[in-house]
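The following blocks contain the structures, represented as structure tokens.
Consider the two complexes below, in which subunit A is the common component and subunit B and subunit C are the respective partners.
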Partner chain A sequence: MSSPTSRIVLDAIEKDFGRQRALRRISLSIEQGEYVALIGANGAGKTTLLRTVAGLSRPTSGSVRIADVDLRRAGPGLRRRIGFVSHASLLYPELTGRENLQFQARLFGVADADSMIAQLGELLDLAAILDRPAGELSRGNLQRLSIARALLHAPRVLLLDEPFSGLDQTTASRLQLLLQRLVDAGHTVVLSTHDRAIVESGPHRLLRLDDGALVEDRVLASASVDRHAGSASPLLVPALRMPPKLLGATLTIAAKDLRIEARTRDVLGSAGLFALVVLITASFTAPVGESSTGMATGVMWMSLLFATLLGVGRSSGREHAERGIESLVLSPVPKAAIFLGKALASLLLLCLVAIAVVLLFIVFMAGNAPVHVLGLAGTVLIGMVGLVIVTTLFAGIALGTRLGESMLPLLVLPVVIPLMVGAVELTRQALGGQGGGMGIWLALLAAFDLVMMMSAVATFAFVIEE
Partner chain B sequence: MASQPTQRHVPWLGALSALMLIVFLTMCFFYAPEDSIQGQVQRLFYPHVASAWVAGLAFFTVFVASIGYLVTRDLKWDGIAAASAEVGLLFTSGTLILGMLWGKASWGTYWAWDPRLTSVLVLWLLYLAYLALRTYVSEPAKRARFSSVLGIVAFVDVPIIYFSIKWWRTQHPSYVIQPGMKPAMPAEMLQTLLFGVATFTVLYIYLASQRLRLLRYQAQEVAR
Partner chain C sequence: MGSEVQARPASVEPPLEASRSRAVFVIVAVVLGVVVLGSIAVSAIGGSVLYYKTPSEILQQHPNQPVRLAGKLVSGTQVTHGDGSVTFDVTDGKATVHVRYTGGATTALQSAARPGAQMVAEGALSANNIFESTNLIAKCPSKFATAAPSTHASVAAAA
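Up next is the complex of A and B:
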């Protein structure tokens, strides 16, 4: 009897998308070392089933257990046992292949990332593409890189959703050989395909789905099931350390976002330019002087608010371009770190925008009013923290609606009104040189930030699940 | 097939709401004494405060039901949250309109950008956004997840409203009832106010349960 280390057990899985039932009471068990082909017409439920087993899609009812652990309670150890190749590459187009793999290695706690990347480069013939931006790669090359991403931590369970699509004959044959070697080394492989030739050339078992139901489950006559699966020497042996905890994962994700921004400059470019244009335009219409400080601070904060909406919207949109966010969800890092990492990177970038805006604001609109520098700096920092927290949380929701990014202002604006009122009042006081009356407002803004941060950390996991 | 929503409690709850409303209006106009400073217009105070109370109760229910959904993933909780948000928004609108009418008579203006008024307006906008969000997500489980997150975050605004009257200088009247203090009004006024709060609470339960029934019918229709 095989060891339960990577046995997959599905118990009466159902998945509904509104009125459509995508999976209908699917129960099955896949033993360690099995090589399973999943077939069915388009819309039969293959992708949904694989995403459910990968932990990306939560079943409406029923349970998935891997290595006797319920997937809903999966800890970092179980997450590291699963590798998933999706339709989308789950890579960041702005990063090179090597940078993408190094980022994944950090998330999964792969200590010898360079050695693993070199091994995978050889196995999947990646040498020519590793140092090119993923966004410039052809479909086939991107698919190979995506497979390398899924294999980087040598998962015991490998789930592949139509992995051969887009591959030329040579690469497809190479991948078939690789999958067979993984199975020989004891890995469990489940792949979906439409190609009968692939089904007949390796898999031990066939599962056929029809309209969400499992209608066929049989051992393939053509396949000689290797009863000694796992006896071959391991194909990939990464040196694994503990995956990063909350702080380490937060910094890793933030560093990735900053690296992308350094390459594209689209958050700084779009948000910064937008804020400056608003401010400069308003400076021609608003009278300069102490009496107009209140209105001018309102303009300044409105420009920062809309710059934040734009900047965070761009950053979150990037996560959804090639579904990079799913690679984060699949990784063993705490879900809160995904939120905190995204928020930290946005905050650092938008603080740069805020510094430029505030300096210009003082030059163009504040006249000769005395400035309480410390109070102003504190106000801008606390205000931007609050704006970024709320916007980062709601960006995930907005992108999941029919309106997409256009939904973001509708969700964010009512929530941040108290913050905006407080920030404007504090800025007005700071520009009047009055530091004394700022305490209660600062405390209020800090309380707002804290409560929003706690709410966001507690609820973000629900925003990114499917 | 899902069970038919119960209808047993609804007729008598509706009748009770109507009866209590009649008694409440009678108390407002004939039982509570006229205010010596503000005159007849002060009678708006009773439905205004009762509406505000029920709005707070409804949004608290949204908050609790949102947590309930995220913990249990039972769409029943999402239905309760949606029904409460709609009725809460209705009562918040009532609070704002009655407050504006009262403000015009007392302060000489329908609206002042006072923190308390502004905060209630923010609350109204928040739950308008909540209902808007629901219309732009068609998949029930996803709609419930997203709405629950917003339902929790939006409720964070409620304590800010409550404390704003203490923290900020405001034109808004101070609390009429505070723990450990004797109410600053005659007994008849207090009785009318408390009866108004009870009436609007029953009305809220009636309206929310009716809305919940309708939502369940819609869900059953979609499932067919």
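Up next is the complex of A and C:
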């Protein structure tokens, strides 16, 4: 390790949700190897504090430093020092436990994923659930899998938000022992709990929150008994390589989405069916041979636009089912890769939808009109790239809001007006057999795509953070 | 409870702190994005929007500006020439504009000849006050029809 300790320092942290103040000027320091219990009534701010230290929630004021690095400037090395167990599992319900862990191992650069999964399987008794879809697991089993996810890269700092909830007595005892051994091996553990027995059975230090303020910070009696943090041999030692960079991480995230789609056919089913129904319905209102009018091509592009909204909305919705998106934010991969991976997978799927839509459009509405094939293919590709980029970016915003998916069209439609105008005009020309005047429009659309891509890459990290 | 494992060779440690170049990229991208997007939106929307003008309004504007001429077809003025072009007059009751259409086969003129139908021609007024058009739309009370390939006639007949 380049930095000897992973000390956590909170300096005057405050966090507001609208007019509600969730954290009130909390300052404290947690040394490496400490075992800290965080207690407080419901709504006291325990979860918000842990999410802030994990880097999932940006403080309204104040700063969090881990290993002397401000969390706002956390690089991949610092991200890899943190493990977080949340209320949600941060797993993908459509993937099996093993597939979820393998995906996480790729993101964190764990070279010996199979060996680590086997080791964690033994520690947390996962054998019976590793090859079942996470969505089929009980609350307790999902919690065990989530703990394995957080431990996979052997983080120096382990943050656990009520990790014992849902666990049976045997598993809870296993976890208590595991946490103690991690502390003995030098890991920092901070857990929130309502269970006084847990507080008294291991943690060295107690923090109590009340209405967002730190009202008690004391050393526990149990801390004096057999405390020799860092003296034991390491419990988990994964072989770590550099985490994937932009391209590798993009492909990893896209492959995950395509694997889920292959299993559910959710995007293709909903978006494809929707686009085709709109197109076929519209074909009854326009005579054959009218394909080169702005109105007919407008109908085609509107069906593709709403198919994109539906498809990308579904794909982003999956990220929020068990908050899988947060596992991506916590990982050491470039945040731009999250956007690019999601967009790439959606683009590949929605291009299949677009091909079917355009072919049917020509059959139903173009009749014998001449078609400039290259121009049409270029238009559809560049148009779909633009639609997917804009929709993926705004899905990150919309799905974090209370209105969710219904908010998405309201955000996307005003932004894609220039794209739709250009795509309709280009399609009209291509279906009229005219390729001559398409160059400038194609260039404008490509410029739109490029600008939106740069804007999305630049802002997506901010968009998906709380 | 599980087994301990042997320590493996030293792992690769990526940087703890993010590089500053990313922040610069974010600022440059956002500024560039706003500027270029604005330019594209203005040029794309500005170039594609064609306003409807009546014959009276068109005769008062400067020539060679792309525009949509809307009015009624003056019956009996339609002439098909040897080079395939069609000429006809369009009126709003106050003024009349002579139109030369060179966009190829169309059924729009037949549709526009119906009672109550309006003719929309896309094009521009030339210096000699002839409206040069390459796209015609017959704007009927219930539907649009436009310049169309030959299949249109057969469908209309079948209907």
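Quick notes
Simple rule for what comes next: the second predicted complex is superposed on the first by the 453 of 466 C-alpha atoms of A that agree within 3 Å, B and C clash if a C-alpha of one lies under 4 Å from a C-alpha of the other, contacts with A are read in each partner's own complex, and residues count from 1 in each chain.
What we mean here is this: a contact is a pair of C-beta atoms (placed from the backbone, for glycine too) under 8 Å apart; a residue touches a chain by one contact, two chains touch by 3 or more.
Because the structure is a prediction, the values reported are computed rather than measured.
In the overlay built on the shared chain, the residue A:Leu359 is in contact with neither subunit B nor subunit C. By the document's definition of touching, neither partner reaches A:Val219: not subunit B, not subunit C.
In the superposed model, A:Thr459 makes contact with both subunit B and subunit C. When the shared chain is aligned, subunit B and subunit C each come close enough to touch A:Pro418. In the superposed model, A:Arg73 lies in contact with subunit C only, and not with subunit B. In the superposed pair of complexes, A:Leu240 makes contact with subunit C only, with no contact to subunit B. More residues of subunit A are touched by C (comparison of subunit B with subunit C). In the superposition on chain A, no contact is made by A:Ala128 with either subunit B or subunit C. In the overlay built on the shared chain, the residue A:Phe448 is in contact with subunit B and with subunit C. Shared interface residues of subunit A (contacting subunit B in one complex, subunit C in the other): 417-418, 421, 444, 448, 451-452, 455, 458-459.
Residue ranges of subunit A in contact with subunit B, taken from their complex: 16-19, 58, 60, 390, 393-394, 397, 400-403, 407, 410-411, 413-415, 417-418, 421, 440, 444, 448, 451-452, 455-456, 458-459, 462-463, 465-466. For subunit B in complex with subunit A, the touching residues are 70, 73, 115, 118-119, 122, 125-126, 128-129, 132-133, 136-142, 145-146, 148-150, 152-154, 156-157, 160, 167, 222-223. By the touch criterion given at the top, residues 1-9, 11-19, 25-26, 29-30, 32-33, 36-37, 40-41, 43-45, 48, 137, 144-146, 148-152, 155-156 of subunit C touch subunit A in their complex. Of all the residues in subunit A, the ones that touch subunit C in their complex are 1-3, 67, 69, 73-78, 80-81, 109, 112, 119, 122-123, 174, 177-178, 181, 233-243, 287-290, 292-293, 295, 332, 367-370, 417-418, 421-422, 425, 444, 447-448, 451-452, 454-455, 457-459.
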